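Same chain, two partners: chain A is paired with chain B first, then with chain C.
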Partner chain A sequence: MSHAVIASLSGFSLLPSYTVIGLTLGGVYALAATGLVLIYRVSGVLNFAHGAVAMFSTFVAYQISVVAGVPSPIGLLAAVATGAALGFVIEFLTIRPLAGRPPLTKVAVTIAWLLVLQTAAGLIWGSTGYHRPVQLVGSNGFTVPFTNVVVGYDQLTIFLVAVGLSLGTSALLRWTSLGAQMRAVADDPQAARLWGIDVDRVSAASWMIGSAMAAVAGVLITPLLNFDTYSLTVLVIDAFTAALIGRLTNLPLTVVGAILLGLVQYYPKAFFNQAGLSELSTFVLALITLAVVFRPGLAASRGRG
Partner chain B sequence: MTVLLQIDGVSKRYGGVQALNDVSFRVERGRIKGLIGPNGAGKTSLFNCVCGVLRVDSGHIRYAGRDLHGLAPHRRARLGIARTFQTLELFRELTVLENLMVPVDAAARRGMLADALRLPRARFEENRAGERAHALLHFLGIAEVAGIPGGDLAIGIQRRVELGRALALRPTLLLLDEPAAGLDSRETAELAGVLSRIRERFGTTMLLVDHDMSLVMRVCDDIAVLDYGRLIAEGPPERIREDPTVVRAYLGESAA
Partner chain C sequence: MSGPVSRNRRLGLAAVVAAVALLPALESDFQRGLDSDAVIIALLVLSVVVLTGFVGQISFCQYSFAAMGAFTVGALMDGHGWSFWLALPVGVTVAVLAGVLVGIPALRLSGLLLAVLTVAVALFTDRFLLVTGTWDGFSGGAVPWHPSRPSLLGAPLTGSYAYYLFALAILCVAVLLVWNLRRGRAGRVLRAVRDSELAAATVGLDVTAWKLAAFGLSAGIAGLAGALLAVRIGSVSPGSYDFLHSVQLTALATVMGVSAIAAAPAAGIATVFGPELLSGIAVSSTWFPLLIGTALILQLVLVPEGAVVRTRHDMARLARLVSGRRGRDPAIAEAAR
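Now for the complex of A and B:
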């Protein structure tokens, strides 16, 4: 007990640098969550394979940039292509044929994909031990003026890229033709079809864009955690928690929720050195969100009107 | 007069109900055809067969000389068949202007990448579609609601927006499913005026289903009458009004 108290007193000095880490992590969650929400809104499917898609795509980048030594931006592009391709394949082969089936059936299919991708990655890259992360930017940094807080250029890049892409997706939905079609499909797929919108094509686009975002999130996050097939697959839990805060529909609120989640996961670590602490924080935040934001019955239905 | 839409021996059954039983009639180009009949006579089923939501069991539907068999609804929309709905189907979260433009955008069938990035060509198309949409809202007398979400409008206005959305596609054939439902007599009279102006201005061929006889008798050039899925009469309004079979079908319903 006294040990914990001492630890908690020294924790305050860690808060500024943990804020930096929390924000960085939160930015990546925002990106993953935005992709998840995009897919959910347009196609009505909660994609449990979202993290697995991120993981598999990131291992492609790892293979190209870490193993083969090709410059990391090319590895990132390969991950994006892999993510988009996986999104297309999942939608085209296993979601589209289930049109008209209960949402739960489609969710079950995404869980199957999670297992398939997890197993495949384990067979190819090994399911034990950590891998060297894909470094996009060197880990040099700068000290924030008038403080002793050091911000890494990699952290800054991750945060800016992630948040920029998330907000870019909001803009895509808001301002482009494809975005308007996506909102129309999200609103009422049947009516959208009757109004000449190729619902299958718009839905496939949402899976491809959403999964490509998961891939970018996966590559960005590898330097921040122990990079293996498991840790990235469960990224879907963090993304889902952030998405809950945005009620599974509101993208800007999802970004805010993701950043909040990043901070909530890191702050307790400043005070207590306990394994599983950030998972506990995520769980508590998700429960609070469910209790506060959602009323019973809302979670099962699609966000309309 | 050339035939635009030809319904040829169309039958449709669901469950134990024969919704359409060997129905045949034609709609000539530039005309407004009324489709009436008691509740459950098969009017909406016929609409759904024409726009492709329902598949006919037997018979043919020809549009501009082409058999529509097997064409998906969005493909039919691209051929110039547009419709309004009995129940309101505006996209609630999209603004009125977006409601009008989304179908036009979809029909333009650009590449997904052009759509996503709004490449200059796409933007140009969108501006032209936007101008046309604005002009239509003006034409329908609802220019001031362009920026309001569809779900926030009064019913009468929503109906007009729906009409505008169908017209934005510049349809050759417009299917109107009970456009006067929920409107009072003044609004219905206004609607009749709007429909006549639409035909004058755009030369649109229309197939109109409605219970409101004042509307149907006023705007239609000729009328087809369905009862229990069967075509029981066809002809100009003045003849339909006097037709004993039609009178019996309607009296039979009210006596029941």
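Now for the complex of A and C:
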């Protein structure tokens, strides 16, 4: 790093407000990562197009709410519908026919979807430039008592909605009949089929719910970054990193990992003035996680044979 | 491809190479520039063939390896006044080292997690390492490097045809190298590693070392392509080496069929002339990645072996029909392998 890096002790005074932003961002990552883990656990496919699905759905919300001026909750609903529809199409048309093929073939299909969605979005909405965010809640806020930290109502809403939905998914898996079926399919698809579970239907449900979560995450993150098609598509690496912390299976740990990632991405910005620091933090955290969490021969090669 | 190559086949290949070398003599400078790009893309696809086709490892950071070659050559030539011939081996070495570094986690990670890691590497390179202010001595900072074209044995490679021939020669050498590798002991070992790591380890092969070697070779070829691209364009900027380029490259190589070396030239021709054809028929060339993505989806669902292998298969079947010959054709035997 060169002269552009300016270290300053005054960065410490920024930490409280950066904590707020980091937590908000972490909440969004938690939501995206939960969707990713849900899809991976149930269908055995690591979805590299997760960010692209989020991006495309978000741009649908952008078109409806920002360009056409329809109230943003309707835009959000449209994004959710788009995400679920994309999830269904990807699963039904391109994952289901690949049953029994190697995991890397399925990865290649999701990569193809990434390319298709990314290019299509670029053609429709332009691949660069400033886009006004889809603002669900006003950005005014309140001061935390006894401190001078300001929390925006939008930030609070984003955090609560995102973490609520993530934990809600854990609850769904644990306590509902669909959740039980999903866990059965995740553990052993063949055995689940013998028990009379419609494995295809459950798998499609996981793709639809997981992709809808990605869509919500995409819409929620728009006020937090200068978003374009590329920056939302690469959201997938943040979701991956959080999911890796949860070993790609554990949802509560994934939420914790996501919040950790949000903070780790933001804290360095208090001390250094340098572009790309978030990406550096993500990379380092991903490396550490891969080194510490994954031992040879663990869960890693899971995928329906 | 086992067994000796038939004399006819060798003559046929020589004729194709000669035609590919001579035809651009009739073309415009612009067209020859595209031809050079096709050769460079072919080299990049060859790097994917080595990694994905030989050891079954998928990578989404081939353009990051290319960037290592390109930016090293750019920085050494433009920033330090080095000759291209000294900068090139350094650039390739840097790329090889980067490849081995990325491959090291293969010691403990499955192919799937390693693929995730390559995404992280691509985004780290594209959104941190090459960003202005991080390491301007390498990335060039706000003003991109402008490496100039070298001369070879006193003949300047500034002309579009000369440079095309130079790039084509390098591609031929690289293809021969990879081809020989595949036919020899190394090829057998790598296929064993690809087909079953467990079985390969059981018969005493050092799977990790071979995977690392494949990563190094693949990254080296990509770095070579990056260096050629830097000098061909005369400017090195981070946007040409980002994650999406890598994704598109991997998709393209998969469409063509990563198990066949012939996928490399086929993909080169497709990426460079595909967009040209599209602009010819009034569809914007920005649609090209959309077509590759769609083609990849259709191919994986309908034609799993890849376009090149499938075509070879079909041609062999056609030849058999025409000649009325029965039995297994060598091309089919290979496709089936």
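Operating definition for what follows: the second predicted complex is superposed on the first by the 293 of 305 C-alpha atoms of A that agree within 3 Å, B and C clash if a C-alpha of one lies under 4 Å from a C-alpha of the other, contacts with A are read in each partner's own complex, and residues count from 1 in each chain.
We adopt the following convention: contacts are C-beta pairs under 8 Å (C-beta built on N, C-alpha and C of every residue); 3 or more make two chains touch, one makes a residue touch a chain.
For clarity, every value in this text was computed on a predicted model and none was experimentally measured.
**Q** Will chain C clash with chain B on chain A after the two structures are superposed, or do they fit?
**A** Aligned on chain A, chain C fits beside chain B.
**Q** Once the two complexes are aligned on chain A, which partner has more residues of chain A within touching range, chain B or chain C?
**A** Of chain B and chain C, C contacts more residues of chain A.
**Q** Identify the partner contact of A:58: answer first if only chain B is touched, second if only chain C is, both if each is, neither if none is.
**A** neither
**Q** With the two complexes superposed on chain A, say which partner A:116 touches: chain B (first), chain C (second), both, or neither.
**A** A:116: touches chain C, not chain B.
**Q** Does chain B (first) or chain C (second) touch A:82, or do both, or does neither?
**A** Neither partner.
**Q** Applying the document's definition of touch, where does A:187 land relative to chain B and chain C: first, second, both, or neither?
**A** After superposition on chain A, A:187 lies in contact with chain B alone.
**Q** Where does A:176 make contact in the superposed view: on chain B (first), on chain C (second), on both, or on neither?
**A** Only chain B is touched by A:176; chain C is not.
**Q** Using C-alpha centres in the superposed arrangement, which angle lies between chain B and chain C as seen from chain A, in steps of 10 degrees?
**A** Once the two structures are overlaid, it is 90 degrees.
**Q** Once the structures are superposed on A, label A:198 by its partner contacts, choosing first (chain B), second (chain C), both or neither.
**A** A:198: touches chain B, not chain C.
**Q** Can you work out, in whole Å, how close the C-alpha atoms of chain B and chain C get once everything is superposed?
**A** Comparing every C-alpha of chain B with every C-alpha of chain C, the smallest gap is 18 Å.
**Q** Could you list which residues of chain A make contact with chain B in one structure and with chain C in the other?
**A** Chain A residues touching both partners: none found.
**Q** Mind pulling up the chain B residues that touch chain A in the complex?
**A** Residue positions touching the partner: 51, 53, 72-74, 77-78, 83, 85, 89, 91-94, 98, 101-103, 105-107, 110, 112, 115-118, 122, 126, 151, 165, 169.
**Q** Under the touch definition given earlier, write down the residues of chain A that touch chain B in their complex.
**A** 172, 175-178, 180-181, 183-184, 186-188, 191-199, 201, 205, 209, 304-305
**Q** So in the complex, which bits of chain C are touching chain A?
**A** Result: residues 56, 58, 60, 105, 107-113, 115-117, 119-121, 123-124, 127-129, 131-137, 243-244, 247-248, 250-251, 254, 284, 286-287, 289-290, 292-294, 296-297, 300-301, 304 of chain C touch chain A.
**Q** Give every residue of chain A touching chain C within the complex, in rising order.
**A** That would be residues 1-2, 4-5, 46, 48, 93-94, 97-98, 101, 103-105, 107-109, 111-116, 118-120, 122-123, 230, 233-234, 236-237, 240-241, 244, 274-277, 279-280, 282-283, 286-287, 290-291, 294-296, 300-301, 303 of chain A.
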